[in-house]
Structure formats: structure tokens, C-alpha cells
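Letters A, B and C mark the chains as written, and numbering starts fresh at 1 in each.
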């Protein structure tokens, strides 16, 4: 038994190493001097670390405003997608009602339709109601993108929480709302954290809606993307890395939430 | 909690757009370094603070169309190529700038050629000429020893280029010629401005002539010595720098980073000529004012600033685009000088003739380009028989021309007011 | 049902906000767009755009490519995610570190992911360097080209598996954590092998989770294009890429809408299949 656990551990480590390869590649490329990037055969370790290109991004005019815009939009997206998604997920998990599959379809459809094609009617409408070029407007569209995930994940979570637990607490005199808050919510928390992380990441990395729906209030990705796509390779690499780091840090910071509940039913 | 969030969101609504800035959306000067130069150098002395927003050409069309549909827009002025402004003009989105040109012409001299293009085939000026450019070739100096005997690099023919690439293939064992045939590459211009005019003396009219068949036969030969990764290249400066490609065709701006980084390593020269002549495609970026600009005065002040001779000279020195007004350009950095030499050789060649960028196609511009890309895909990549493909694609081309109702442009012979025919 | 006096009312009340939200933000513009696929200003209803799409050079190729890619990528991702989750379940230490590493691709933008894989699989990439060190090649080989269709497909496949397994994993892990330990322990007491335990106990309990994961992942897989274009350029057309091309580069929203509707139809069909094939009873765990 013990030996097999060790073996699992080494398997996991090997898989993790493989998984990190591309991350290593992009990090090294972003930090290598330009000549190293183009060398053949490639060397496995960077000969020298160069912060030059990365530093360039930090002092690009307007970058910090864009970072703040991104953070605001991502935060709004997180809140909206939980506020809308968790109740809907609970409803899907706990109730039989007509049109349930129709509702599932509706949710999934939002991810099945390329957003860029919708943009023209969306922008026109946003201009007419005053949502154009606002954080709220972008966050609403990002919420539509994150919502399928948050509804489906939370519904499968609530489905996994034994109904008896909830019902038992009612008989013990808890009100329905209180039993939801005391019993169901804590169990669902890691999953809900996962949906929040996902909402954040979707919003942070989304380019298209953020580009067409904003002009002066650009998010970081939208701000840099049009420029990056056409920039020389070392800028693209460093820029790609620069855009990525905040979301990696964010996932790292909240990973505890996501996984600390492991094996909860032991307790 | 929710109330708080909506309150906060409402505050953002209020703060948005409070700053009195001139907003300019541009499809040009997008690469991050260029955009930064635009913001910190070229726009530095402008009368009002300017927010420079580079935009991908595809997104640009979506945004501008939506913007123009609003009662009052947020974009003061816009910088784009003729071809990109045309769809906006077609929906009546651009304001006349006759008055601006008249006012500016008292203090600077616009080049006659660019002024002619600025009317977009109509009566009134639709934009103010901003900067010009064209396509060139760049080669690694390591390729020079393999030039065919007797070839003058500044006056190459396509046949010589094929031979040169073949020599390289034999010497290095790999295909060293490269074309920007990737998803964002400008391959269609290679056909519209160069191969077709050079081989057939036309473009639409001569699409499936025997001359065109010869063009495709020669390109097939050249393709044998072309790096097959070309179908993923969008900017040729990159494979040039890695050394995967030693000879490349592209827009000057898309070659410049390589020249600027290592001016000693590359040479630049005009694009080769074919049996029907030595054609080149001049490119003009214009400054236009949307009909619903929030402040026309601010837009005019911005245009005034950007077309000042000293700013135009600065544009060449800093970002490698060429002035549209008479300007003393001063000393150029080595990389820009290499490119500038090739561009002036192109514009100055005694037998050089301009192949205009497609005009009058309006919203059909993209589908027009697609005809050429598809033809390339079929003949070169999928190896389908040339005459059959040309016949099928000629139908597609005719359909596009009919839908757009666009008359012929140079080098095609005029078709009067009727759509340009495919013969 | 046992919950409340009027469960239907509660259920509809809970989904109402998201339905209203999606109706305003999605269904409305969707309808406007969908109509564009079948109409043209001044001409009324027409099938011209549909015919243009089907007659297009890349339509069949991109459909084939997309289906192949989805069929290859999604099952592998699900298997991989289940494998990873079961490893996490059993390893003695470092769970959260492994989970973080395996979900790291979630936070990496398409631009960065495309570049990362290009630096590995490209001409001058690490993969060719390995082959070079092993003495298999002496010149960089260009794997990412239509001249090596199989290698090209494999490269895209690997990149996609890496990029998008994380989302399946996150969903699976979220579900897995809720499975009561006692079930597995009971199985062990009865002498079940780890595989039997997984097959008979864990998997059935994971069914709702697996269903959600499959639906989401498949729909997202039909949307793939950024990484594919970074690696393959024009050599591996996919449906969404074509939709974007028609919208952006060719500027014909009508045909783009037709493509988008087509993708929507396939995705809905796939979702429907999952809903039917993996019928989930709400009472699974009671």
C-alpha cells in the first residue's frame, strides 16, 4: 500500500514536470536576450537573464490604467457570475421542473456561438443604453462567458451534496435559508471558488469583447493585444508572459480555497 | 452587497469619458514599439492631450461601424489605409475635409499623388494624407554570393529571383525564400500589386489569361524553393531574423524590425519585375474625421500637428513611414536608411509603374482579397490544375466585382462606370 | 417534491435572473445575427449566404478538421483529468502543488499558449533540439506544415490537450471532493481492486460532474482556433477560424453568421447527446 502511494507520487511528479514544460518555455523565452531566442540548437538554460523587454511593458504609457480597468472588470465578473450562477445551479440540482434541459441548452449556447460575430449588434445596443466604454458593460459580456461554467459546476456540486444532510438540518429546527448557509454552502465552497477563479481568468484573458466595447477604458489584454500581435517576437513573448503572470498569481493566491476542503467527509 | 456593487458600477459610468482628450483610433503604427513612439514622440507636442488607440483592422471595422451609427461618437479622428477607410466612406461615415486641406496647404505641401488618392474617386477630399509606404524585398547578406550571374539586385526579374532561390536551395539544402502567406500576412498584395501586373499587365481583366497561367507556373517553381512554413508567416522580419528565410517579400513596416536590429546583416531592394513591367503598390495612410466626431476642432488641430513637416520627418526617423508632405528628413539611423533606400529606388525606378491598391470595392474588399488567397491555396498548396482553378476562381472574382460594382483601376484598362470585367 | 410548498415556483425564481440576463445579453443579439445569415438588405430572405458557406474552399476541410480534433482531444482530456484526479486522491503529500501545476494552463492566455508551443514545436524549438541531440536530425525539421499532415495534427493535438485539460480537471476535482470517503473504504474492505473501486464506486458517483465537464469541454473544443492558428497558420483551417475570417478579413457578416449558426447547431447536437447518453438522476446520491 505504502509503496504504491510512493509510485503514485512519482507518477504525479513526472506528469507535473511535463505539464510545466510550456510554462518554462515561455518564461525562459520572455527572460532571454533576443539572440538566445533565435539560436539553434536551443540551450536548456538561459545564458543570461534579461529583464529589458519585460521592463519595457511596465513603462508603456497607459499600462497601469489598463491594469486597474482589468482588475475592476474581473472583480465585477466574478461577483456577477456567482450571484447569477449559484442560484441557477442550485435550482438545476434540487428541483425537477419543466424546461430544465432547455435551460441547460440556453446556457451552453452562450459558449457555442463565437462572440466576435455578436459584437456588432452588441456594440450598437451598448452605445444606445450608455454601457459602451464602461467597466460594467465589459463585465456583463464577460459574465455571459463565465456563466455556463458557474451554473454547470455549481449544479453538479449541489447534486453531490446529499439531500439528507439538508433535510436533516430542517428537522433539527434550522430554517431553510439557515440550513443552506450552514450546511450546503460550506460544502460547496471549494467548487464555488473554482467558478470564481474561472470567471476571473475568463475576464482577464478575454480580448475581443473588451476591444470592441471599450475605447478609453481598455482592459490590459485589449490594451496590449492589438499592439502585441504585430510586434517582433521578443515583445510578443515578453508581452504574453506579462499578461499571463497576474492570472497565475491570482490562481496561486486562491488555490487554498479551491483545494483545502479535500476529503471533507473524513471529518 | 449587490446594492454596493451596482452603486460602484454606476460611479464608473459617471467617471467614464470625463477627461477632455482627443481620441484617435488607428490601424497603423500598431506594433508595441511604434505605438509607444507615437504616444511619446510624435504626439508629444500636440495641442491637446491625445489618446492613441491602435486597433486590429478587423476589429476596427466593427467598432467604427457601430460608432458611426451612434448620434454622437467618441472618436475624434482616425488613421487608416485608403482601403480601410473606404467601407466607412461607403456608409457615409467620413466628413469632408476640403476645408482642412485648403487650410493646411498654406503652410505645407502635400505630394500631388497622395492628394489625388485622398478623394477616393469622388469630388471632395475624404481624408488628409498622413504617411506613405510600399512593399520591398529584404535579403540576408549571406545570400548575396548566390545571386545569378549578371543579375543586378536593384533590377531583378522574377526569373532571376527563382534562379537565386534555387541556387540557395542547392547550396544550403533548405528552402530560403519566404512569403507572408500566414493568416495575418499580406500575401494578397503580392498578387495584386506585383505578380499579376508584372506578368499580365492587369489584375481583374487578365485574371485567367495565358499570361496568368505562366505566372502560376513560375510561382509553382518558386514555391519549390520557398520555406513551407510560409503559410504560417505573417511578418517576414521574424523568419529573416531567425535565419529560416534568407530572401523575403513584405510591407516595409513588417520588415523594418529586422533591419533596425541588425542593419549590417541585411540588404533591402525593390521587388523584381516581370514580362509586362516593373510595378509597385504605393500605400497611403490617411487621417479622417468621422461624421459624428465629438469635437471637429480638436480633430483638425491633431491633423495639423501630425502633418507638420518636422513631425513627418520624425515619423520616418522613428517609425519608418514616409512623409506625405515635403519635408527635410535629416539623418536616418542605419536600419531605416537601408529600408528608405530600397523604397526610394522603388518610387524612383525609371520604368516603375504604380499598381493602385484596389479601390471602389467597399465592403467587398475582403472577399476580393480572398479570391487571390484561395487561388493560391488551390494551385500552390493543394496542387490543383492551374486552368481549372483559374476558371473557377474567375467566376468568384466576377461575382465580387458585380456585387461591388467597382470599375477597373490601374493597371487594368478603364471600364468606364461599369464593373471591371474578367476576360 | 419535498422542498417547499411550491417547488416549481422556487426553481423558476432561482433561474429567472440568469434567464433574463442571457435573454438580454445573448438571445437578443443572437437573433439579430441569426437573421443575417438568411437575409440581405433589399433582397429579403435568401439562401445565398448558406450556399456561399457550403461552397467555400475551406468549409469541408475545416469541418473535418474540427470534428477530428474534437473527437481526438475531448476523450483524452477526460481520461487524463480522471487519472489526475485519482492520483490526487491517493498521493500522500503535495496535493495543492500538483493541482496548481496541472491547472496552470487555465490562466495562460491564448497568445502566450500559442507562443509557448511554437517555441517547443517550431523549427528552432526544443523538440527539434532533442531530436538533434539524439542524433535523429541535423537540420531543424519543419513539423508544422501541410507537408507533414500527421505531425501537424499531433502537434495541435498535444497543444490543445495541454491548454484545455485544466478546465475538465477543475470540474472533476470539485465533484470528486464531495464523494464520501466511506464509499471507497467500504469497497476496499470488500476487497475491490483500485480499478474496480474507481469503475464501480467513483465513476457512477461522478456522473453529473462528468456530464457537465463533457458538455462544457466539447462546446469549448468546437470554439478552438487561436492556438491552432498560431501553430498551423493557414494549414489547418477550423470552423471558428473560418467564421472569424469571414467576419474580419472578408467582411461578410452574413456568411460569418451562417458559420456561427452552423457551429451552434453542432454544439447543441453534441450537448443533446451528452444529456441523453449520460442521463443523470437528481437522486443519485440519496
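Keep in mind that, in the parts below, a contact is a pair of C-beta atoms (placed from the backbone, for glycine too) under 8 Å apart; a residue touches a chain by one contact, two chains touch by 3 or more.
Bear in mind the structure is a predicted one, so any value in this text is a computation, not a measurement.
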The chain whose C-alpha centroid lies farthest from that of chain C is chain B
Per contact tally, chains sharing the most pairs are A-C
Chain-centre distance (mean CA atoms) for chain A and chain C, in whole Å, is 15
Chain-centre distance (mean CA atoms) for chain B and chain C, in whole Å, is 37
Check: chain C positions touching at least 2 other chains come out as 123-124, 140, 244, 247-248
Going by residue number, chain A touches two or more other chains at 38, 40, 83, 116, 120, 225, 228-229, 239
Chain B residues touching 2+ other chains are 56, 59, 62, 242
Note: in the complex, chain C contacts chain A through residues 1-4, 7-8, 10-12, 14-15, 17-19, 21-22, 25-30, 32-33, 84, 87-88, 90-113, 115-117, 119-120, 123-126, 128-129, 132-133, 140, 162, 167, 170-171, 173-175, 177-182, 205, 208-209, 211-212, 215-216, 219-220, 222-223, 240, 243-244, 247-248, 253, 256-257, 259-260, 263-264, 267-268, 271-272, 275, 280, 282-286
In the complex, chain B touches chain A at residues 2, 5, 9, 12-13, 16-17, 19, 21, 23, 25, 30-33, 35-36, 39-40, 51, 53-56, 59, 62-63, 65-67, 69-70, 74-75, 184, 235, 237-238, 241-243, 254, 257, 261
As the complex stands, chain B meets chain C at residues 56-59, 61-62, 87, 173-174, 181-183, 227-229, 231-234, 242, 244, 363-367, 369-370, 374, 377-378, 381
Seen from chain A, its contact residues with chain B in the complex are 34, 38, 40, 56, 60-62, 72, 76, 79, 83, 116, 119-120, 123-124, 127-128, 130-136, 139, 208, 211-212, 215-218, 224-233, 235, 239
Within their complex, chain A touches chain C through residues 4-6, 8-9, 11-12, 15-16, 19-23, 25-26, 29, 38-42, 44, 83-85, 87-88, 90-98, 101, 103-114, 116-118, 120-122, 125, 140-141, 143-144, 147-149, 151-153, 155-157, 159-164, 167, 176, 187, 190-191, 194, 197-198, 201, 204-205, 221, 225, 228-229, 236-237, 239-241, 243-244, 247-248, 250-252, 255-256, 258-266
